[in-house]
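Just passing along the structure, written as structure tokens.
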Amino acid sequence: MKKYTYVPGSFIAAWLIWELIVRLGGFNEALFPTPYKVLLGFGELIGDGVLFKDIADSLVRFFIGYIISVVAGVFFGLILGWYKGIWNYINPIVQVIRPISPVAWLPFIVLFFGIGQAPAIVIIFIAAFFPVLLSTVSAIQNIDPVYIKVARNFGIRQPELLFKIVLPAVFPGIASGLHIALGTAWIFLVTGEMVGSQTGLGFLIIDMRNNLRNDLLMVAILTIGFVGLLLDWGVSLIEKWIYKRWGIEK
Amino acid sequence: MKKYTYVPGSFIAAWLIWELIVRLGGFNEALFPTPYKVLLGFGELIGDGVLFKDIADSLVRFFIGYIISVVAGVFFGLILGWYKGIWNYINPIVQVIRPISPVAWLPFIVLFFGIGQAPAIVIIFIAAFFPVLLSTVSAIQNIDPVYIKVARNFGIRQPELLFKIVLPAVFPGIASGLHIALGTAWIFLVTGEMVGSQTGLGFLIIDMRNNLRNDLLMVAILTIGFVGLLLDWGVSLIEKWIYKRWGIEK
Amino acid sequence: MGYISVRNAHKEFMKDGEPLTILEDINLDIEKGEFICLLGPSGSGKSTLLNAIAGFELVTSGSITIDGEEVKAPQLRYVTVFQNYGLLPWRTVESNIELGLESKKVPKEERPAIIDKYVKMVGLDHARNRYPAELSGGMQQRVSIARALAVDPDIIFMDEPLGALDALTRINLQDEISRICREEGKTVVFVTHDIEEAVVLADRVVVLAANPGCVQTIIPVNIIDRTDRTSPNFVNIRNHIFEQFQLAKEDKIEFYI
Amino acid sequence: MGYISVRNAHKEFMKDGEPLTILEDINLDIEKGEFICLLGPSGSGKSTLLNAIAGFELVTSGSITIDGEEVKAPQLRYVTVFQNYGLLPWRTVESNIELGLESKKVPKEERPAIIDKYVKMVGLDHARNRYPAELSGGMQQRVSIARALAVDPDIIFMDEPLGALDALTRINLQDEISRICREEGKTVVFVTHDIEEAVVLADRVVVLAANPGCVQTIIPVNIIDRTDRTSPNFVNIRNHIFEQFQLAKEDKIEFYI
Amino acid sequence: IAYGYHEHHKPKTAQELKTVRVAYLPITHALPVFATKELETADGPVHVELVKYGSWPELMDALNTGKVDAASVLVELGVKAREQGIDVRAAALGHTEGNIIIVNKDINSVQDLKGKSFAIPHKQSTQKVLVDCMLEQAGLSEKDVQIVEMSPPEMPSALSVGQIAGYSVAEPFGSLALEMGNGKVFEDPDHLWHDNICCALVFNGQFVDEHHDLAKAFTKAYLDAGKYLDEHPEAQKEISLKYMKFKDPVIERSLQVIGFRDLALTEDRYNALVHHMTHIDLIKKVPSYSEFVDTSLLP
């Protein structure tokens, strides 16, 4: 019921405002496209298959980078969260590196990982790695002590302690980290693909800018928004399910 | 006590690893600088005043963009959070726009806001606006109903309701939004300044890249990390104070 | 007709798209200055009834009047004390107590004396400048009571105000509430699911049964020394209510669990 | 020397850099099959003492032995039931109960029968495949008790297991715990701050005083029908403990609030 | 927006009235712009305000939207904008020659590039045209060699670690690699496309319409500066060092392969350009010479 009126209502309103800006602004159409031209642009890019190919390329790259960072982030997060002594020495470095935009590393990324798929994947990896790492570490460090007590009481030792107790206990914390990481990584996908990639939505943006096709540029931008939204929905469904099962109120 | 050993220990370890990579990797020094050269680079950029000037420029820009986004985000967040009917229509648009990298908008930003300081500020604004907006909306919507009940009981009406009850009640929620937004905005500062800005740390990165001074590039990168860390410390102090006063466990 | 008068009150909530009757045909008269406890198992609609009388959520049908006037919204003359205290964490103890005085437009210069009186009455003189987060649960609830008393209301509603406290703190606060409310001559409607608490506090205990919520019985409590929980009179009334309660328990056992 | 024997137990915690004595010179003997309640105001060290006996946190000095053996770590033979139930939310009721059986290396094929027995004992047959989040607090605590019983421990430790439940659910669970533990012949150490609860459950009530925690008195409870909370015998013992408790209360009033 | 509005309505000083905002990238190709600035006098007819950019797309955003008045930009980008209906007009070239094709030392013929990656800075560029010509002359096409777009500063390092087999780029990024000891000069661009043109002085059309005299004056100053550069080779290096932070030998080497003698964007040159651009599908609709080149700006 809700979505049947809100979403279309919302998009119609956005459309109208956009039209208004175009009409009142008196911009050159080549510089600021009308919604209608963008709709045609969608048709054009879908028609020649470019859009879906780029979406597919981006998604593949995205998932490779994201999954590597999830695996690495959770793995190191578990270790570092558990051995607080090590974490205390790693933490300052992480805190210094974290505020740095992944794109800033580009020259070094090219040096170490070459061109082609790699830079975009590495940038997505960097973007997603820290949220995953930090949320895993904090999930471990804030694990409800009662679980550990139960484990001790029932004689559960490593490695069972890890798989039976710790991992499931930190799951919700990690899940919310994964959610944040997904958002961040998707935002940086564009930047990643804008540099040194020859396909994908980010490249589409660059390509359309290079071809001065601002209508298709807008198509690329909106596509990124929609796909990002779908991804976000996907994770939040998973997250909600976990939260419900674990009995966490949110 | 803690920091006296952790932080230096951490940095010494990082230094050693870096040295090791340089030695074992056998990279051209011009492409991958040694820590020593970067240290000299710090000296060089501090010596000719470039570094502090760029830091200052970046910070000014950063705070302008950030503060505008905080003001706008909190303002609209309060309105939209309170009038759920409107928010339901705005939300879909926000969700589509949010996953889009602020840099993607650049051609349009230049069209609307011109060149010079503006693009970087606008990019920071976009980066920070959504976290602030969303956390304010959610803070308002999740306001503890007991506060509203107390207000009704004690006959507190608008505008007092806003200033005496709602604003203070959502303060911690907003504060954590501001914290997240600060991080995001700082990361995007680099990207913002890398395009269409003539000074600042992001520009320093581009400039050093264009001049192939990878040692100074590393100086710029690390400076961004350190300044970002300091900013983060600043907000978390404020946030912690608020949390303590409001009695929120974290 | 009593000071507070509930007549044929019904309340329905929508649950999964279907109306669910929570309160059925409640009739209740409360006199001025009476201390009434609403006692009942979880889900019997105690809070719902209290909220209806206090004006937070109106009944679906039937009428509730206070002093002859239909209840339509909460008022400063009838103040509620909530289970989780409802203190504003950004205000000190004093300033929380001041809250009602501000709306009541009590002149600024008169406020300190009023605040002082109630801060002392609940024994928090030493903590007047602290923030709620720095207080124990018991102390917070005292602040909440002081805040309610400060506006000099005609009626005080309390919804399980002691539910979150440990047994000994509860005992202390029960005695205090009983003393203060009687000294000040307030009309009190107090929700609890603890039998002993009801006996200590109430002039009359209204026992609600659940599913849907209805008045099972009303038991008057005539005790002289309310602080003595071991007197035969006390124990007798407690036992009587206990039996009433067991009745409610027997036939609906799954429900309470 | 008893089955469980606490001798001159001291416990200190560091607080703001200074050692603070929490338990002072505790001596206590518990026989096999006894149901002991530790009763005391908040902060009197009940949990600390229980944790020490259960092996979670050892005492600073003095000795605690069970069956002649020094307590050094928690063991599967002595199981603890926690206030917040300590259920694993990612496991169903059945699978939570199975937890201890896994460590105990009970063969897979024998487990269903054991689980079945205890699931039925706590009356949760209909909810065996549900997850903890889908259960009420009372049901969760039952699962926790079933999980403890399933490993057939010699001793069960319980730390305010009913503290978070409402009065009626508490009453039901008290009766159940009393019945089950006696039927199974378990030795039980049960922490509570509720006097009535202690009387219903205990063979002996150990009253702790606070600041620092020490044994104030030990009161034996000889009641035949423990489910009847209105019998004169019950009321007498309750009153007696109440007086002991008041004593503790009188002299340290600020502390409990 | 308020900020922009304010800017527009402030009364202008005399200096502001004769200011031309010129966008550039810090490359050797923009040398005439630097020289114009250097030769500017306080009482001259124009005041140049230089705006530095990090990449072509950003520079084009500013030029297309009129946020800068003119730019030294790849001529192909100008033509492309014109094709899209954006009013930009060229006045003169920025240089002649000045492009360089670099390959790794183990590449000896175009055939050796087969299956490898080859970098260009931008799709709409002379470098791209040159590479396509080179492949075509060797009987290859883009299917055989992977053409990648890469920002010039990354090219030398990508080449040195073997991620690309070669690149075609504006100076001084070719000389840089040579100076670092990586790679070698490959084809001579002039053999691929005789008298090729690359960067040009392009105005925003609205600016030309509104301030025709100023645009014209600037064009004259620009052409004069070109002539000055041509006549004073020693000044080339001096000015370069001032505007670009490369090391001496890099600049020196890069100045050897660039000329500033004849900066006219003639119809012949233009026709050759659009011929190449259509041939490799960079444009579909060809703007006429008179549409793109505003000869009224020439002295």
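Order of writing sets the chain letters: A, B, C, D and E. Residues in each chain are counted from 1.
Assume a contact is a pair of C-beta atoms (placed from the backbone, for glycine too) under 8 Å apart; a residue touches a chain by one contact, two chains touch by 3 or more.
Bear in mind that the values here come from a model prediction, so they are computed numbers and not experimental data.
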Exercise. Stepping chain to touching chain, what's the minimum from chain B to chain C?
Worked result: 1
Exercise. Looking at the contacts, which chains touch chain A and chain E alike?
Worked result: B
Problem set entry | Label of the chain whose CA centroid is most distant from the centroid of chain D | E
For this session: Report the inter-chain centroid distance for chain A and chain C in whole angstrom, where each centroid is the mean of the CA atoms.
Result: 50
For this session: Could you put a whole-Å number on the gap between the CA centroids of chain C and chain D?
Result: 32
Exercise. Could you state the distance in Å from the CA-based centre of chain B to that of chain D?
Worked result: 50
Problem set entry | Residue numbers of chain E (touch at least two other chains) | 57, 61, 65, 151, 153-154, 157, 161
Seminar exercise, completed: In chain A, the residues touching two or more other chains are 31, 106-107, 111, 209
Problem set entry | Multi-partner residues of chain D (each touching 2 or more other chains) | none
Exercise. Which pairs of chains touch one another in this structure?
Worked result: A-B, A-D, A-E, B-C, B-E, C-D
Exercise. What residues on chain C touch chain D, complex-wise?
Worked result: 41-42, 123, 136, 138-139, 142, 163, 166-169, 171-172, 193-196, 229-230, 235, 238-239, 242-243, 245, 249, 253, 256-257
Seminar exercise, completed: Within the complex, chain B is touched by chain C residues 54, 56, 73-76, 78-80, 82, 84, 86, 88-90, 99-100, 102-104, 131-133, 151
Seminar exercise, completed: As the complex stands, chain A meets chain D at residues 146-147, 149-150, 152-156, 160, 164-165, 168-169, 171, 244-247
For this session: Going by the contact rule at the top, pick out the chain B residues touching chain E in the complex.
Result: 28, 30-31, 106-107, 110-115, 118, 194-196, 198, 203, 206-207, 209-213
For this session: Within their complex, state which residues of chain A touch chain B.
Result: 2, 6-7, 9-11, 13-14, 27, 31-32, 88-93, 95-101, 103-108, 111, 183, 186-191, 194, 205, 209, 214, 217, 220-222, 224-229, 231-232
